[in-house]
Amino acid sequence: MDRVADRLSALGSTAALELRGVTRMFGALAALTDVTITVRPGERRAVLGSNGAGKTTLFNCVTGDFLPTSGTIRFFGEDITAFPPHERIRRGLRRTYQISALFLGLTVRDNVYLACRGVSRARFSMLRPGVNDALMQATERLIEAVHLTSVRDQLVSELAHGQQRQLEIALALAGAPRFILFDEPAAGLSPTERRELVAILTSLPPHIGYIIIEHDMDVALRVVESVTMMHNGRIFKEGAPHEIESDPEVQELYLGGGHE
Amino acid sequence: MSLIQEARAREEMLAGSVVTQPAAWSVTEQPWAWAVAALLLIMPLIANGFFLIEIFGTTLILGTIALSLMFLAGYGGMVSLMQLTIAGFAGYMVAVFGVSGNANISLGWPWWLATPMALVLAVLFGTLGGALAVRTEGIYTIMITLAIGAAFYYFTNQNWAIFNGHTGINTIATPHFLGVDWRMDIAFYYLTLAVAALCYFAVLYLSRAPFGLALQGVRDNPRRMAALGFNVNAHRIAAYAFAALIAGMAGVLQVWNYRQISPGSVAVERCIDILIVAVVGGISRPVGPYIGAFIFVILRTFALDFLVKVGLDGNRFRLLIGLGFLAIVFWSSDGVIGLYERWRKRTRQETRPPAGGHGHG
Amino acid sequence: MSRFIERHPIWSLVILLAIALLAWLIIAVWPPGLEEAIGRKKVFLSAVFNGITLGGLYFLVASGFTLIFGLMRNVNLAHGSLYLFGGYVGYAISAATGSWILAFIAAFIVVAAIGILLQLLVFRRMEGQDLRQTMVTIGLSIVFADLMLWAFGGDFYQIQTPAWLIGPVQLPLITAMKSSGEAVFLQYPMVRLVIFCASVVIGVVMWLALNRTRVGMIVRAGVDDREILAATGVQIQLVFVLVFALGAGLAGIAGVVGGTFQSISPGEDTRFLLASLVVVIVGGMGSIPGAALGAVIIGLAEQLGSVYIPTYAIVVTFLIMVLVLAVRPQGLLARR
């Protein structure tokens, strides 16, 4: 009961995602140290940093793939630190994976259908859906939205890399997402495909906030309004894209040596 | 993005390299399957009692137990070696709750009470075992389920109060209803055929229902399934429960067929036989286990004569089974079905010009 | 160790109390009330010693199994067959030459050679496909079992204990007090104690080899992270073959031990395969200390169980496995 009240009272003012002092150890190695981040509802933010800076570990802590060693994570005011992954997803959190994490033995349609089904009821239903099933229609719309209609009956294992990345995004858009974590969505895409990706990201409904991990500055800085720099598992700097871009320390550490 | 992708897809389609979903191998999509179905239905006209029960009845029962493994392994990616144990447990429960020659053990319930009771307990057994097995993943599943199966085998050997030790329970009563003695050859054959068909079509249907799709999602990528809002372990355990129901039904038929059950029926080798049956037939489609079961039963029945004829010791049946199994595992990733499909693909490629393509199937 | 106590104070206390209770039961002269309640101390002590020495045997089998799994992710379900074959080889050699030591050497060499052949001819061709490898080991176990049945028949064989190990040895543990006040000490078969000590030595040597030598480092790195191993450019195939040979050879030695302790016959392969499975599930996959701990726990559970609750002995073993899976699914001493 008080959890409902908690959620209701939290609705108005609070942040979409709030991490306080999150630390994650792997044995003696600290992958994240005392990370505190607050993201407003609808805010779009990039997390930058070199390999091993702890970006993906940060995502894994938020989605519940790993539990933080210490610290708290709140999602729209609700403390989700100890929630299993599926509970977080049902509250509107989504993510994509750096290396496409799709169901290779199923068709595109089945993949998207599962994503829609995952956040709705009757996940255990033993009855086949009809053609007019609301979820089936939602599935078709999503497939269309990421331009995969022509291949919707193909097995995912037979798709091209770019198509798999598109499907990856479709899975994250299923249901009613409130906040999405994008883990290097542009990895391995051609320049044209990158432009399309930017278009998809900027045309997301304004109430959907996200955090994006991206090495390609041209993609990352164009689709966000704030940037968090990470280094060795710690927050190193926060600010607007232009501040970060011109910051000498950041230049030194990350962009130094001339980026692509 | 879209234009490029679509163009690429079209190119591939024209090149004929796009393979659409594999044929579903359901009765409705393979013409010769109708012939098999018809043959099975009129079998009592063709085959005598020995063939009807010892070959076809046994095949259907064995195939149904292996079907429960196929469901778990093919759709859920969980290779469970305890499916025979669950079937045997259901058989034991029929003997314990129903009527048998061991009056000190059997409770003497009528079959229509004892059978559902046995099935419920079997499902419970399977669910608990599954809940244990899903604590770990992948290859560990084999080890844990094998350990469960072995523990049950040794337990039935040691325990006299319920399982009557290594003698087991004998002369178990079989059902009579609607004026039919269901132990008679023809009636029993149709009973097993009905149960096998029910299980087969249920699995086939379920594979395209949300539950079955989700299970295949769990097989392909459990982490992503969790990230989509699915409770992965709950799905796995539910799959174990469903598979236990299938195995349990087959187990009940098994005990009605032999009218006795003993630790030998649930021995570790028997558990592994089920895996062999499913793998030899093909573990990705529900029809595979039945094909595997047919081959297995034929071999088991006629290997002795065959081996003696070619001048070998007739007792080398297990050697034959083991070598055959090894050959299948070496040369086909999907059992006999896999071999058949490869052969069909090759003949198709030979008869058709390669550029023709087969865009839709 | 200290970190474990820090993190799980209650568990540590329970474990400590259990060990203290066991130590007291072994060392103290039992008060009459206790003897009335659970029987004579001599029975208990023999069960404990049988359990621990059986644990030594289980360790020999399971350590090879866990090593092969840990490095190659190969669940070798033919491991029991290697054990049984080692037993037959040992029997044949000891019957022919009369030398017990020679039986061990021959069993190790022959079974290790089979391991090498398996790795080179079979498993190398399906690296990374752990399910397929497991299927193959199942097929092999069936073929081996039938070949051995063909060759050796269904009889029980017992390997002759050498003369210098026959007979009991008196241990400084009091089993009872005579009415005269004279203490009765425990008599225990010498051969079992010697074999147990030998398996402890083997365990320690293996542990040292894994932790102190270069090959051991490579193997351990491979257990933790196989990609690292591939990336370092060591001759990974050679390491695989060596580990497979060692694991198989240990199973062969264990077969000779089993043939001396008990006997060898068809069916023992399955029994020891399952013992290895349970030991390794309890102790933790790929961990040598885990295999040791698991082996002693399972050995004790089996022997104490068969003395005090004969019809449910197997259930005790099984419950231990269930408990471990419930509390610590990766096994007691596994990392991760």
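Note that the chains take the letters A, B and C in the order they are written out, and that residue 1 is the start of every chain.
Following the convention adopted for this analysis, a contact is a pair of C-beta atoms (placed from the backbone, for glycine too) under 8 Å apart; a residue touches a chain by one contact, two chains touch by 3 or more.
The structure presented is a predicted model; accordingly, all values stated were derived computationally and were not measured.
The most central chain, judged by C-alpha centres against the centre of all protein C-alpha atoms, is B. Highest C-beta contact pair count among chain pairs: A-B. Taking each chain's centre as the mean of its C-alpha atoms, chain B lies 34 Å from chain C.
Mean C-alpha positions place chain A and chain C at a centre distance of 48 Å. Distance from the chain A centre to the chain B centre is 40 Å, each centre being the mean of its Cα atoms. For chain C, residues touching at least two other chains: there are none.
Shared interface positions of chain A, defined as residues touching 2 or more other chains, are absent.
Listed in rising order, the residues of chain C touching chain B in the complex are 73, 75, 77, 130-132, 134-136, 138-143, 145-147, 149-150, 270, 274, 277-278, 280-281, 285, 310-315, 317-318, 321-322, 325-326, 329-330.
Chain contact summary for the complex, chain A toward chain B: residues 63-65, 84-86, 89-90, 94-95, 97, 101-107, 110-111, 113-115, 117-119, 122-129, 147-148, 150-151, 153-155, 158, 160, 162-163, 166, 171, 174-175, 190, 192-193, 195-197, 200.
Within the complex formed with chain A, the residues of chain B that make contact are 1-2, 4-6, 8-10, 18-21, 205-206, 208-214, 216-217, 219-221, 223-232, 234-235, 238, 360.
By the touch criterion given at the top, residues 79, 132, 135-136, 138-140, 142-144, 146-148, 150-151, 154-155, 158-161, 268-269, 272, 275-276, 279, 313, 315-316, 318-319, 321-323, 325-326, 329-330, 333 of chain B touch chain C in their complex.
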